[in-house]
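Before we start, here is the structure in question, set down as structure tokens.
Chain IDs A, B, C, D and E follow the sequence of writing; residue 1 opens each chain.
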Amino acid sequence: MNAPLQPRYLQHGLADAGPDAAPVVIDIQGLNKWYGDYHALRDIDLCVRQGDRIVLCGPSGSGKSSLIRCINRLEDAQHGRIDVLGVDIRGAASKTAPVLRDVGMVFQHFNLFPHLTVMDNCILAPMSVRGLRRPEAQERACHFLDKVGMRAHLHKYPAQLSGGQQQRVAIARALCMEPKIILFDEPTAALDPEMVKEVLDVMVRLADSGVTMLCVTHEMGFARQVAGRVLFLDEGCIVEDNDPVSFFTRPRSERAQAFLQQILA
Amino acid sequence: MLDLLQLLSWGESGWGDALLAGALVTILLALCCVPFGFPLGLLVALGSQSRRAAARLVATVFSTVFRGLPELLTLFLVYYGSQIAAERLMRHFGYEGGIVINAFAAGVIAFSLVLAAFSSEVWLSAFKAIPAGQAEAARALGLSRWTTLWRVTFPQLMRVALPGLSNNWLTLLKDTSLVSTISLADIMRQTSQAVTATREPILFYGAACVLYLILSAVSGLLFSRAEGFFSRPLQKA
Amino acid sequence: ETLRVGLEAAYPPFSAPSAKGGYVGFDIDIANALCKQMQVECEFIAQDWDGIIPALMARKFDAIISSMAVTKERAEQVDFTGHYYRTSMSVAVPRDADFKGLEAENFKGKVVGAQSSSTPGMYAEDVYGKAGAEVRLYPTADEAGSDLVSGRLDALVHDKYPLIEWMRKRSHDCCRLLGDLPGTMDDIAIAVRKGDDALRTRLNEAILAIRADGSYQRISQRYFGLDIY
Amino acid sequence: MDPVMSLLSSFLSPSLLESYGLRMLAGFWITVKLVSLSFILGWLLGWLLVLGRLSGHRLIRGLSRGYLYFFRGSPLLAQLFLLYYGMSAFRGFWQSVDLWWFFRDPWWCALLAFSLNTAAYQAEIFRGSLLALPEGQREACRALSLGPVQSFLRVILPQSMRIAIGPLGNEMILLVKASAIASLVTVYDVMGVTKLAYSRTFDFEIYLWAAALYLLIVEILRRTLRIMEGRLSRHLGR
Amino acid sequence: MNAPLQPRYLQHGLADAGPDAAPVVIDIQGLNKWYGDYHALRDIDLCVRQGDRIVLCGPSGSGKSSLIRCINRLEDAQHGRIDVLGVDIRGAASKTAPVLRDVGMVFQHFNLFPHLTVMDNCILAPMSVRGLRRPEAQERACHFLDKVGMRAHLHKYPAQLSGGQQQRVAIARALCMEPKIILFDEPTAALDPEMVKEVLDVMVRLADSGVTMLCVTHEMGFARQVAGRVLFLDEGCIVEDNDPVSFFTRPRSERAQAFLQQILA
């Protein structure tokens, strides 16, 4: 897609990379972020290819949310370069807007619009950003709401939903935009195991259709089944970047070993 | 030009001291209303959220009446009304002769009522901005209603309410000019006196404007300080 | 003993505040002369025009000496002494305006200004307003005057003496007097609370006394160059 | 109608009603016109101002701050006075740019002054209501790439109006009462007419009439706003 | 503790019950709750003894949060009786207040006080409700914050914390009141597995000290390790009330079987 990226990709040196590998969609170099004095992200380098399913894990407070929020430009990083779909998103809004349109996000706290019904939450952006007409948008919304099992709650307001239901609406809302890249911040935290499985199915299917996913999650089972690649963060650094099988069986870093030990114990 | 400045100067021929005296009356009057008006407004706001129908009714009537009545009428009611009532009462006990209600006190009472009525709506709207989860958390912790109000709700309320309250305050500052009708010499009174005496309306109304602007600059500073204080915790980093 | 006198203090040259504090004007001088005659102290209390009668009734002061014209409505609320001067109204128009005369039909479609809550205001509404003029009422004659100068008004109705005074001081080059309005001679008197006959009688006697000893005429000459009684 | 009238006239003198009733109604209409028009204009300008006040551009921020400061800080009476009598000092200029018709007419001047004034107060109310909006809502808008206009109209406005509606009611009531100030420039509203009538009759009763009218306006306003508020709070329906 | 309760307890018929069993602390009979038309809780009967560790699980929207919110009187139930520590909590506030003071809660959405620091969040209630003095309250807060690994963040405001950190503060805040009964609504949803283990340890120790716990959770591992009893809710009914071993190995109800199958698969 973008010639100069090729060498960078090779230098990144993933085992299965080849000249016909998928194009790079997210390219982060030397990212540093401070909250006041607190150094939340340290020298993050990350290269994500189209269709990747990446799971971010790590202890609480390690900077996972911060990282994906930087990719979406919800937080401004102080240092480093973030290219999304070939555009430096730290540039002028006029350039980044069309790119960010293709990046969806599911928030840790859902952030549904409380004054809109479930349906309206889902069709608002497709209609006004993608220019869909109401019937099309509604059809699409029904499709995704169905997938997350929320079809029956179309006309409820967020305040009338349980935690898990809200989370599912948030997922559906993000999917309705049909983004090329989708960032999940603990999308299954409020879900019961049954529902987790359904959502997981949705995500697998998404990934198969070429959508790139970055997913922060604490569900290791989820990570094992969905991830194509696992990133382990600790204290603002990516301490391990591995395929899931190796990550769970023989993690390279000591920190990840200790982390996994706790779970498997 | 020079004689215009002379008109604003101190002493015999100038109106400067009169204007400043007026400013003092204005600011004292307005300041005296604050410790009554705002808390009373909060009380009214609490009343109109009460579960008791009677409390809600009282609060609604209070807010409608004192927002609805022209301030001048409220002032007259308090001033002349209380005077006539007091006189009737005294006559009843056989005392003949005039009783003079202190104009300043009447002004403070009347404007406190008005301030309370208007600020109650601001408080009320700020209450709506606080997520239900906060009150639930307070109840789950067993906090008393007073502690909940004072330690949990109030600090969060202030941030949202302050801009509205600053509106109330600035309105009050200027409404107090009505006290000239009960012969208190506030800024506006002194200004119009100066205008009639000198026939320099632009100059003196301009000067009054400047005085008000200075007052509101000072209060604006205080309000933005207060706003900073109450929103500090919510700022990221 | 003091006599508490209420006045508006916004009606030069009859009454206006002075920069020294206190008030100056024809009304004040007359009041002082009356007080001297009655051998009492005069205490002046300024009061907005709108609240002046309620304030009298609420005993803020005992008499209003503030160029108050005697009208039927006012007489229902307060008692008046005999007049202490009489005045008619006049009309001022821009210098270059072509008015044929004072008759109402000349004012059809014109914008006529006057002070609200005043007898000229009532006249303007009752006579010119009914004849098809647009009547605008201002808080004081000063504002009406400045609108006459700026061209928002075609004519200004006001009491004769203040009007002359205003034209002399301000804008004699802009405007001219169209003439006195016939049948508008008003009695200007002192108002006291209803039933306060003792004071009313004393004031009446005092007015006659200062006329008799010539002090009234001196004051009147000083302000207007003629006797306006 | 008749029994109502007779009831009223049993404690309000009919002569007063007869001579000033019509004028009171005319004044009432002026009040309604002035308040509703200036409120709407002020509403629009108020949002522009608050956007300016929160904008990233320093100059724009400074300008809107200055505007708010001036118009909230000085009395409406003075603003109207300066606008009306101040502008007439530049009559020649206004005539040359063909705007004298506007400044010549007291009604337009009053409308302009009222709109400018209420815009400042409304802007501050809007700012308060924006403060109440959780940060997550704005983030969600950005994450969904909603444009600024869409975010504002569909997400921010409906939620902040719910908070703002009470203080906006205040502002509207204040405007209703402040419309009396317009009589300074010969635009006579209810209160202006009342004062006029009072200065002729010295019958305090006329003020009671006006007060009743005001209370009526306020009560109608209050009820309408409660209904609107209910509509805006539907989503909280538990 | 309360003589008339004895028969009710026996009639409830838990296998290991005896005359010297712990006293009943929560006794719910015939609880029904509607949200508008929606029947959220149906004929709930539940008897909890002191020191019980009860896990509530079930699909999203099954009424778990509603149930524990009813126990805490955050929601008013339309029908039925809820006795907590021997007092009907549907009575007058003056009577129920002292009882509810002994019922702590950790919310699904944390509900921290945003204007107070972590420390102030934790000491507010102990000081004003329990009448502790500041140093004591602070000591206690430090103790519990330490246990959940938040000692280092004492002076931060909630907005400056990550999701997991907020959740841990919420847990510490509830513990600082040293309640007799504590209700958890998905207390580990935002936590990483490492942290989950720590929190779990804290909870086990709490239970050992005689605190009664009701915990809504989707973490089946958690349920397996902590629970003394598992309740499975579906569509507002308690469809299974079992000990964890039997629940996970041979659930009685079909609904629970289907649910567990999804997870174990």
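Structure notes:
By definition in this document, contacts are C-beta pairs under 8 Å (C-beta built on N, C-alpha and C of every residue); 3 or more make two chains touch, one makes a residue touch a chain.
Everything numeric here is computed off the predicted structure, so don't read it as measured data.
Greatest Cα centroid separation from chain D: this falls to E. Looking at which two chains touch through the most C-beta pairs, you get B-D.
One finds 52 Å separating the Cα centroids of chain D and chain E. A separation of 19 Å divides the Cα centre of chain B from that of chain D. Chain geometry summary: the mean Cα position of chain B and that of chain E are 48 Å apart.
Shown for chain D are the residues in touch with two or more other chains, namely 85, 134, 162, 237-238. Within chain A, the positions touching two or more other chains are listed as 35, 109, 160. Each of residues 50, 54, 143, 146 in chain C touches at least two other chains. Chain B contributes residues 131, 133-134, 136-137, 139-144, 147, 151-152, 155-156, 230, 233-237 to its touches with chain E in the complex. Note for the complex: chain D touches chain C at residues 85, 88-89, 91, 104, 106, 183-184, 186, 188, 195-196, 198-204.
Chain contact summary for the complex, chain C toward chain D: residues 49-50, 53-54, 71, 73-74, 76-78, 113, 116-117, 121-122, 136-139, 143, 146-147, 150-152.
Chain contact summary for the complex, chain D toward chain A: residues 134, 136-137, 139-140, 142-147, 150, 154-155, 158-159, 162, 232, 234-238. Looking at the complex, you find that chain A touches chain E at residues 35, 57-61, 65-66, 108-109, 160-165, 168, 185-186, 189-197, 218, 220, 259, 262-263, 265.
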